[in-house]
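As structure tokens, here come the structures.
Below are two complexes that have chain A in common, paired first with chain B and then with chain C.
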Partner chain A sequence: MTVPVRRFDAVIVGGGGAGMRAALQLSESGLKTAVLSKVFPTRSHTVAAQGGISASLGNVQEDRWEWHMYDTVKGSDWLGDQDAIEFMCRKAPEAVIELEHFGMPFDRLENGKIYQRPFGGHTQNNGESPVQRACAAADRTGHAMLHTLYQRNVRANTQFFVEWMALDLIRDEAGDVVGVTALEMETGEVYIFHAKAVLFATGGAGRIYAASTNAFINTGDGLGMCVRAGIPLEDMEFWQFHPTGVAGAGVLITEGVRGEGGILLNANGERFMERYAPNLKDLAPRDFVARSMEQEVLEGRGCGPNKDYVLLKLDHLGPDIIKQRLPGIREIAIKFAGVDPIKEPIPVIPTCHYMMGGIPTNYRGEVVIPQGDNPEARVNGFYAAGECACASVHGANRLGTNSLLDLVVFGKSAGDSMVEFIRNEMPNWKPLPANAAERSLARISRLDNQTNGEDVTEVRTAMQRTVQARAAVFRNSENLAQGVKEIQEVAERVKRIQIKDKSKVFNTARVEALELENLIEVAVATLISADARKESRGAHAHADFQQRDDEVWMKHTLYYGDDRRLTYKPVHTKPLSVDYIPPKERTF
Partner chain B sequence: MTKARFSIYRYDPDKDAKPYMQDYEIELGPNDVKLLDVIVKLKAMDDTLSFRRSCREGICGSDAMNINGKNGLACVTNWADLKQPIELRPLPGLPVIRDLIVDMTQFFKQYHSIKPYVINDTPPPERERLQSPEDRLELDGLYECILCACCSTSCPSFWWNPDKFVGPAGLLAAYRFIADTRDLATNERLDNLEDPYRLFRCHTIMNCVDVCPKGLNPTKAIGKIKDMMVKRAV
Partner chain C sequence: MTDIDPVEIKRIRWRSRRGLLELDIVLERFLANGFDQLTMAELAAYRKCLELGDNDFLDYVNGKAEVDDPELAHIIGILRAA
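And then the complex of A and B:
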């Protein structure tokens, strides 16, 4: 079977914040670039980000990128790579100013500068007191940013392939990346995209959990493609639970609510965060607040008939602030929690929100994997940025507003690296290997021909229940070991999933089945990586190993899918220009 | 558990000669609140049922459809508030690709036609371009559009002339850039709309305002553009 080939200098998979920021670099450099996206770009999940994007602009209070760096390192529980963190925090002000110049509708201060609000874990003078660092467009910052980036790409004439789902990575005999296969959803046809450089900006995979703030499309497609192509995944045990998901619905309520002065209350009406984090209180980092909330519930101080949630109170901010700064939250609370936060508190629970791990990269956006003695050898022609990548700037726990920053800083950086690589090292396309589309065609044909198979929804539900139960906020050895066993059983079932819809035209059943094949790789990686880490660090809170163990465990996990084995690599302790920030106890 | 009845537009060009309405009946529990939750459940029973969806919280704009005769987002609609059988159809006026999935090419073409980006060729300052809170307030009610197309596909003027009339979503976006103090192309933007069709096919029927899931008011924005045209002419 011949598969049609389309040829571009660069192919970007994913049309969210990172993909579109990278696309600008490539389009504006004059290289022939294709952006593939499962959904129309403005429907990517970046659109749902709410509270802000961090940068030490100092528009309200004195601020320095060094303080931002310190907070990010401490937030990461010393698992973040300090060169990448320095790079991101130093670039933050220019990245935000650039978005403003692109036309992003930031809120404004009286003096006309960009409005900034406080956010969890962001402080002045290395932990002294909260600082207003989150640049915000009301509580729709992701929407404002994503639309602005799309608009800028319209101006740059970027070529989008809308509703095209990438299926597999194409590597040649040397292991270099030379393209991807992709499914045109409208026609059901498979194509090869032959490229000098490929960027994955495929976003998160929160849908491995039963309750998640993530969109349906967050299925870890880039990670699944990597695993199938022999690329390891980094730090997959670290998943962020956002403290304030709407109880029952899972929909996100921004940390910006607490940035504006909202507080968490238990069933006794007590502002319990004062006990856990006397200094930062409700604005402690997310892993810390999520654990405190779970602890309150475990000790019987949860609210509601089942005592299983806490309350987010913001009525004391007054209707004006709520309507001006948090209009989207009010809309969500009314629609999904049935309460108007001007009058009543919102029931909230910690909800899976963000994947700190991902495809191993450096701060240039290059994908790096162990080769011989080198723990970080470049995979020629392969780049990743945004939530799917692990640079690693977030380490074991991401600070709020650092994700939008990550997208634009590393989207741009990866774009620059690709332009450089294509210009200096790749005058011509490397030849495609024979049968470049074989794996993808085999996957599709298996789906079409499977009989007596497993139902996609049932198997996906089994996966989500397992991950939810076994890789939650609090973990323990027994639970994790059980989880490893269960998820591998689910993985066997995924091999036999079946669809009834055999149509070629916009077959969303087929898309969901292909997505499940990606999700399961992420789920297995998560449980195996988590089971192995015998310490507590950031979002990995282990009941049987409650302390952080820097001696043994200050290292990154690498998971290989082909034989489900783990290796480790050192954390980068050498920043680019400033002094190393040595580990210390993490209190707030 | 409660029973809910549905009648859903079905069309798969791969096998159907023409579209038809299919009836569904489903048992729903207390956790099935939103219409999208229910459609996802229906798809678990019948995986051929095709529709778009993503964020399930009303911000991505994927799951716009015609619900009991009115355009809306399935994810922010409570199914229990709807009269049964709940009739679901694709957004009107656009070609149907399959079931509830429409071809939005024409809609986006109109959006692109208004040059949806800030035009300002002066060299950017080192820091942000300043904008007063009052000037920024002018963008509220405009920039929040999610491009779901509920408005344009409920507009008779857009149905008759989708290739010539920009439509409410595109015109709302046009005014979003006109109203932005950082944009310097107001005249060029007004020129771009000065045409018997592009702007002036709006007959203030206001279906757009009625259906917008974000509570925006394209008719008001269109009125402001028309005012500016008049002022410019005198």
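And then the complex of A and C:
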């Protein structure tokens, strides 16, 4: 079967903040650049980022990039690579001012400079006192960023392929990346995108969890493609959680609700936080509350038919306080939990928010994998940026407002690296391998021909329940080992998923099946990586190994999908220009 | 909706996938329950809603913002109830 081929200097998969920032760099350099996106670019999940983007502009209070770096290293629980962290924090002011010059409508001070708001974990002088570092465009920072970058890309003649889903990475015999295959949803046809360089900016994969704040499009497509192409995934055990998302929906209930006097109850009506944290009770730190909630569920004291959530009770505050101080929350509860908190408690569960791990890259956005003695050999022609990449600046836990910063700094850096690579090393396209589209065509053909198979929704639900039960915030050896077994059973079922609708044009059932094939790779990587890490660090809190163990475990996990094995590589302890920030106990 | 091209219906269903989880949930419910009963005029209005930015769309659906476009007011009312 002949598959049509389209040729570009650079192909970018993903039209969110990172993909569009990289595309701009390439298009403005005069290179022919394509961006493939499942949805219209301004409806990428970047739109959900509200908090802001951090940069040590010092517009409100004295600030320095070195302090931002310290906060990020500490936030990462010393798993972040300090060269990449220095790079990001040093570049942050320039990146924000550049967005401002692009026309992004930041909130301003009276003197006309960008306003900066306070945010958890942002400090002056290495933890001494809070500092206002977050730049925002009201509560629509991600939205403003997407629109700004989209407009610039249109001006720079970036070619957008909207409603196209990338299917597989194309590597030649040398292992170099020479393109991707992609499905045009409008026609159902598969194309080859032949490129001198490919960048993945495919976002997170939070949909592996039953409880997730991520939009439905966040299915880890880039990660699935990497696993199938023999590229390892880094630090997949680290996922950031919020304690109180609406059970079954994922929509967040702010911590302010507990601040106003909301309390958590188990199935017996017990205020269980009194047992775990006698002093702070429901106002204990976020991760502690989340782990206590999950322990209640695991010990059979969860609520509901599946005993899989706890209750957030507000009615004792009285209707007036709820209406006055928590109107938005009442609305969310009614709409997404189907309960009015004036009368009934809200079902809540710790909810996945952000993926710290991903495709291994360096601060230049180049994908790097072990080869011989070199733990970080460049994969020629392959780049990644944004949530799908692991640079690693977030390490074991991401600092708030560093995600938008990551998108623009590493999007641009990867774009620059690609321009350099194409100009200096790849004046012509490398030939496509003969079987370039084989894997993708086989996947689609299997879906079309499968009989007596498994239902996509059922298998996806089984995967999400397993990951939620075994690898959410409460982790112990027994539970993780059980999870590894269970998720591999689910992976076997994914091999037999079936779709009823075999039509070609805008077949969303097919797209969802292909997405599930990506999600499951991420889910298996998460369980296997988490099961192996015998320590507690950042978001990986292990009940049987409660201390951070720098001696043994200050290293990055690498997961290979072909034989589901793990290797490790060292954390970068040498920043670019400043002294190493040595590990300390992480107290706040 | 018998006169509508079935491909257009499928396209509209895909475009109901958004960048914000809250919208995904509301629209998924609506697609499962209510979407098939839309009149031609309502469908045209829904298509117009899908052109909105996600934040504006959600503010309408949540009742946080008033719908000033009379063409959209009715369909947003249906979505609010979804």
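Convention: the second predicted complex is superposed on the first by the 482 of 588 C-alpha atoms of A that agree within 3 Å, B and C clash if a C-alpha of one lies under 4 Å from a C-alpha of the other, contacts with A are read in each partner's own complex, and residues count from 1 in each chain.
The definition used in the following text is that a contact is a pair of C-beta atoms (placed from the backbone, for glycine too) under 8 Å apart; a residue touches a chain by one contact, two chains touch by 3 or more.
These figures come from a predicted structure and were not determined experimentally.
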item: A:Lys500 touches, of chain B and chain C: first, second, both or neither?; value: first
item: Touched partner set for A:Glu100, first chain B, second chain C, both or neither; value: first
item: Which superposed partner A:Gly112 touches (first chain B, second chain C, both, neither); value: first
item: Partner chain in contact with A:Arg140 - chain B first, chain C second, else both or neither; value: both
item: Chain B or chain C, by number of chain A residues touched; value: B
item: Chain B versus chain C as contact partner of A:Leu441, first or second or both or neither; value: neither
item: Touched partner set for A:Thr508, first chain B, second chain C, both or neither; value: both
item: Touching partner for A:Ala462 - first (chain B), second (chain C), both, neither; value: neither
item: Where chain A meets both chain C and chain B, residue numbers; value: 39-40, 42-45, 47-48, 140, 143, 147, 186, 215-217, 249, 251, 331, 335-336, 505-508
item: Chain C-facing residues of chain A, complex; value: 38-40, 42-48, 140, 143, 147, 163, 185-186, 212-217, 249-251, 331, 335-336, 505-508, 511
item: Chain A to chain B touching residues, read off their complex; value: 39-40, 42-45, 47-48, 97, 100-103, 105-114, 137, 140, 143-144, 147, 151-152, 154-155, 186, 215-217, 248-249, 251-252, 328, 331-332, 335-336, 456-457, 499-501, 503-509, 512
item: Contact footprint of chain A on chain B as seen in their complex; value: 12-15, 31, 33, 43-44, 46-48, 50-62, 76, 97-98, 101, 104, 108, 112, 115-118, 124, 126-133, 135-136, 139, 143-144, 146-147, 177, 180, 182-183
item: List of chain C residues in touch with chain A within their complex; value: 7, 10-11, 13-15, 17-22, 24-26, 28, 53-55, 62-63
